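Please find the structures below.
Shared between the two complexes below is chain A, which has chain B as its partner in the first and chain C in the second.
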Partner chain A sequence: MASLELKKVEKKFGQSHVVKGVDLVVEPGEFVVILGPSGCGKSTLLRMVAGLEAITAGSILINNRIVNELEPRERGCAMVFQNYALYPHMSVAENIGYALKVAGLSKADRDLKIRKVAQTLGLTEFLERKPSQLSGGQRQRVAMGRAMIREPAVFLYDEPLSNLDAKLRVSMRGEIRRLHQRLGTTSLFVTHDQIEAMTLADRIVVMNEGKIEQIATPHEIYNKPASLFVADFVGSPGFNLIEGVYDSSQHAFVGLGGGVLSLDRAKTPTTLPPRLIIGFRAECAVVTGEGSDPSFRVDYIEDLGATKHVQGFFDDQKIIIAVKGDEALPSGSDFRLKIKADDLHFFDPMSGRRVVQ
Partner chain B sequence: MIEKTPYLNFATYLVLAFGAVMVLLPLWMVFVGASLTVREINTPEIHLIPGTHFFENVMAAWQRGHLGGRLFNSLVMSVGVATGKVVMSAITAFGLVYFRFPGRMLIFWLIFITLMLPLEVRIVPTYAVAANAFWPIQTLLDVIGLTDAVDYILGIRIGLEWNLLNSYTGLILPLIATATGTFLYRQFFLTVPDELLEAARMDGAGPFRFLAEFLVPLSRANMAALFTIMFLYAWNQYLWPLLATPDRAHFGTTAVVELKLLAPTVSTNGGGTPDWNVAMAGCLIVMLPPLIVVALMQRHFIRGLIATEK
Partner chain C sequence: MEKRATFSKLWLGMLFVLPQMLLVFTFFYWPTGAALYWAFTLERPWGGGNEWVGLDNFRQVFADRAYWASITRSLIFAGTTTALSMGSGLLLALACDRGLKFRKAFQTLYVWPYAVVAPAAALAFRFIFAPEAGLFSLIAKSHPEVWNPTQNGYHAMAMVIFCYSWKYAGLCFIFFLAALQAIPRSVIEASALDGASVLRRARDIQIPLITPTIFFLIVISITDSFQDSFGIVDVMTDGGPAKATELMVYKIYFDGFRGLDYSGAAAQSIVLMFIMMALTFFQFRFIEKRVHYS
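Let's look at the complex of A and B:
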């Protein structure tokens, strides 16, 4: 098992600054997922680790050895590509065993290892086929086998599941997770799919515009987002974010439309900025009929079966509340919102960061 | 749009049949001509029914045209040109597409310019170079005065000479030096996805392994096509072999050039009855090898196409 470390890694393509100083430490055996919107530089970062893209500044260390100048083959990484990049003119067995052939292993040794890997991945009956004669899921597995057989120090995955249909994606996700539990290889996995990130990761790295927004466990990313970007990006529906100001005399939050939400002194940060954004998850708000809590006007309802997503307005700002499937909330009606103090999050609109306790 | 009506079908077949006749009729007449006697072929009417002297005429053509040796020359030349072309095109295109080096675009354009200089245009300098492959170096030495200087100091006159006339090298090299194949390969290499190269690099393959184990097998269909085209091109060359093989007695020449000598003229025929029947038989013999090459290579185009199909 190998450790992987990125120190102030930068990448520029000519004028465009794609990766802007990324620091990351991946512990041996850890499964880290890089999550971010399209074009944020995830693939570029991964390709720099692989050695397929030169590093503009900073350094990358694998097992505490700087690998900046090393060829891909010398770094001990194996990569699974988004479109698999299988070798079309080689059989499945040749695809899987190619790295060993290059490394100079004898045919007999190769065959033994190929058979073992094929068995793990359920590919035994396809070994003689060409990639063009396989289904998407099988191709995906061949790509995994090709990476596995080298017993690499680090596994790199660049959106390996995005070409599969929804059902297959779920089952392959499970297989990747199981495989990691068995092999325990340090892994870096790039995706823009948050479900994938949440289910696979030991820790998630949320990236935006070439910078890291937050590195944390899936639980923490979901429940304690470090920035407005993370709050908005992770979770479906995302955070409800409401802009307003902090009224220190009443210790209350006053929305832009005048709605007042009094805050629990014990459970809020001691210093809050004058301009403030509060946030809470859709499922953390409770709708009640009366009381002095801020009012919530129902706009329309999306019924998902088990839950209902209630679209509405708080203080003229659009929010979503998730309620149990059997609750009746006629549109146009006014209700009161109750949010537990623990579920309220505070963000500074200037920096976009979370206001810490 | 495909419509299936009896009339349209009939018309389609009619057009096809007409085309086939147009193409095959001359060939048939060559074959018929090759099977007649000298007397029969020199009668004014058009013969459409083969005679009985086909093998006689073929034997006569074979002996008179020394076709055994000539066909061998042609074969060596054509295989040499086709192979050399395939190898050189693949390597130059590989260099141009997969490596970043200073002057890459300059070299690309220099190769491109040679497209505008087919052999016929540069025949005089090419002949001069073939007559003495060291001629450009010698000229350079002469111009910068090194020849005179060495002569003055050492009393030795530098005279570099390497005659390529009447040799396979001389027949083959000038025909290899063209850019078409390089472009064909360049276009093909540009369609090979980057991920394939990257996956191969991750698996540890260096540039030459990538060329040998990926690009070459993937371009099999291209290679077969280029080989066939170049084989036919070299086989059908007339002007260059005519110039490059002045020594008919020892080296001989190529089959196509010999064919011209088989055609009866007053000088070759001594004023007798022109024996076109033998010339026709010679034609048929010389036509055969390219036909075989096309027939054999055609299978490879198709297999190549199926293998790369996704």
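Let's look at the complex of A and C:
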């Protein structure tokens, strides 16, 4: 098991600054997922670790050894590509065993290892086939086998599941997770899919516009987003963000339209900026029947069977609430919202960062 | 079924096909037919009728040792020029595909030779290689045994082969480069991560993946070498010295238009046509099996 460390890593393609100083330490055996929207520099970061892209500034260390100048093959990384990148003219066995062949292993030794890997991945019966004769999921497995057989120091995954259909994606996700539990290889996984990130990661790195927004466990990312971006990007149906001001005299939040939300003194940060964005997850709000103090007006309802997504307005700002199946909420009617103090998040609109306790 | 646009009137469709058919007929079927006819008759050099002689012309051609020599020469020429032009074209394409510095400039430069018409290229090389004056005259003067294409048949042949390969390397280069760039980048990257060096990648990944292009280039450059060599031979050596560079196509021209043996030349061109057909058939039959079409 190897450690991986990135120190102030930067990447520029001509004028465009793609990665703007990334610091990251991946512990030996850890599974870290880099999550971000397309174009945030996450794939570039991964390719720099692999050695497929030169580093503009900073340094990358694998097992405490600087690898900036090393060729890809000298770094000990194996990579699974988004489009699998299998060698189309080679059989499955040749694809998996190519690295060993290049390394000069004898045919007998190679075959032994190929069989073992194929067995792990359930590919034994396909060893003689060409990649074009395989389904998407099988190709994906061959790509994993090709990476596994080298027993790499670091496993790199570049959106490996995004070409699969939804069902297969879920089962491959499980396989990757199981594989990691068994092999315990240090892994870096890039994706734009938050479900993948939440289910696979020991820790998630959320990236936006070439910078890291937050590094934390999936639980913490979800429950304590460090910035407006993370809050908005992670979680479905969404994070409600309402802009307003803090009224210290009545210790309440006053929305831009005048709606008032009183705050629990014990559970709010002691120093709040005068201008404020409060946020809460759609499923954290409870609707408490009609009241004279209208704070939430129902616009329309999306019924998903198990839950209903209620689209509406708090104080003229659009929000969404998730409620259990059978609550009747006629559109146009007004309700009150109840949100537990623990579920309320405070952000500084200027910096976009979370206001910490 | 594919949807087709059809013409409501037959004559309208025919009208559109006519110009192309006219060209094909005038420049392909008519000459071929005429050659076929001449090959079985004896044409009088100054015109005025001909007489049917059956296979006499072919018997005469095949009995001629000079003709067999020209076939051997043409085969050697086809083999060496194809190997040379494809080899150098592939090497240059692999280098350009690597994205080295000034790639764009080289890319343009390498294609140019193909745009030069054969006689012009031949003329330029004739001056370069001439033993009396020019670049190679320095060697020719001090060591005539090392370089003297006007006297030494091997030197002359080497010169013709070099000139032809130089021209066709540009064509091979552009086809190879296009094929190499069609290989997904990630496949190359995967092999780099698998530990393959640049040469190993070329051998194990890139070349196997461009076999359709290699096959195509083998077929067209062998075929072309039988036909397109005329201009170069005519300008550089006139088939000499002592017929050492007399390729099949040049011999047809020489016997027909200098020797005024139309019938013999026609028979030779029919033989040439069959050799080219046989070679192409052979290639499709045996080499194509090794091609990976994805």
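By definition in this document, the second predicted complex is superposed on the first by the 352 of 357 C-alpha atoms of A that agree within 3 Å, B and C clash if a C-alpha of one lies under 4 Å from a C-alpha of the other, contacts with A are read in each partner's own complex, and residues count from 1 in each chain.
As a working rule, contacts are C-beta pairs under 8 Å (C-beta built on N, C-alpha and C of every residue); 3 or more make two chains touch, one makes a residue touch a chain.
All values derive from a computational prediction rather than experimental measurement.
If you put the two complexes together on chain A, you find that chain B and chain C bump into each other. In the superposition on chain A, A:Tyr87 makes contact with both chain B and chain C.
By the document's definition of touching, both partners, chain B and chain C, reach A:Leu52. Once the two complexes are overlaid on the shared chain, A:Arg73 sits against chain B and chain C alike.
Contacts of A:Tyr222 after superposition: neither chain B nor chain C is touched.
Where the contact sets of chain A with chain B and with chain C meet, they give residues 50-52, 71-73, 77-79, 81, 83, 85-89, 98-99, 102-103, 132, 146, 150.
Contact residues on chain A toward chain C in their complex (touch as defined above): 50-52, 71-73, 77-79, 81-83, 85-89, 98-99, 102-103, 132, 146, 150.
Residues of chain B touching chain A in their complex: 193, 195-196, 198-205, 209, 214, 217-218, 307-310.
Listing the residues of chain A that touch chain B in their complex gives 50-52, 71-73, 77-79, 81, 83, 85-89, 98-99, 102-103, 130, 132, 146, 150. Residues 184, 186-187, 189-197, 200, 204-205, 208-209, 292, 294 of chain C touch chain A in their complex.
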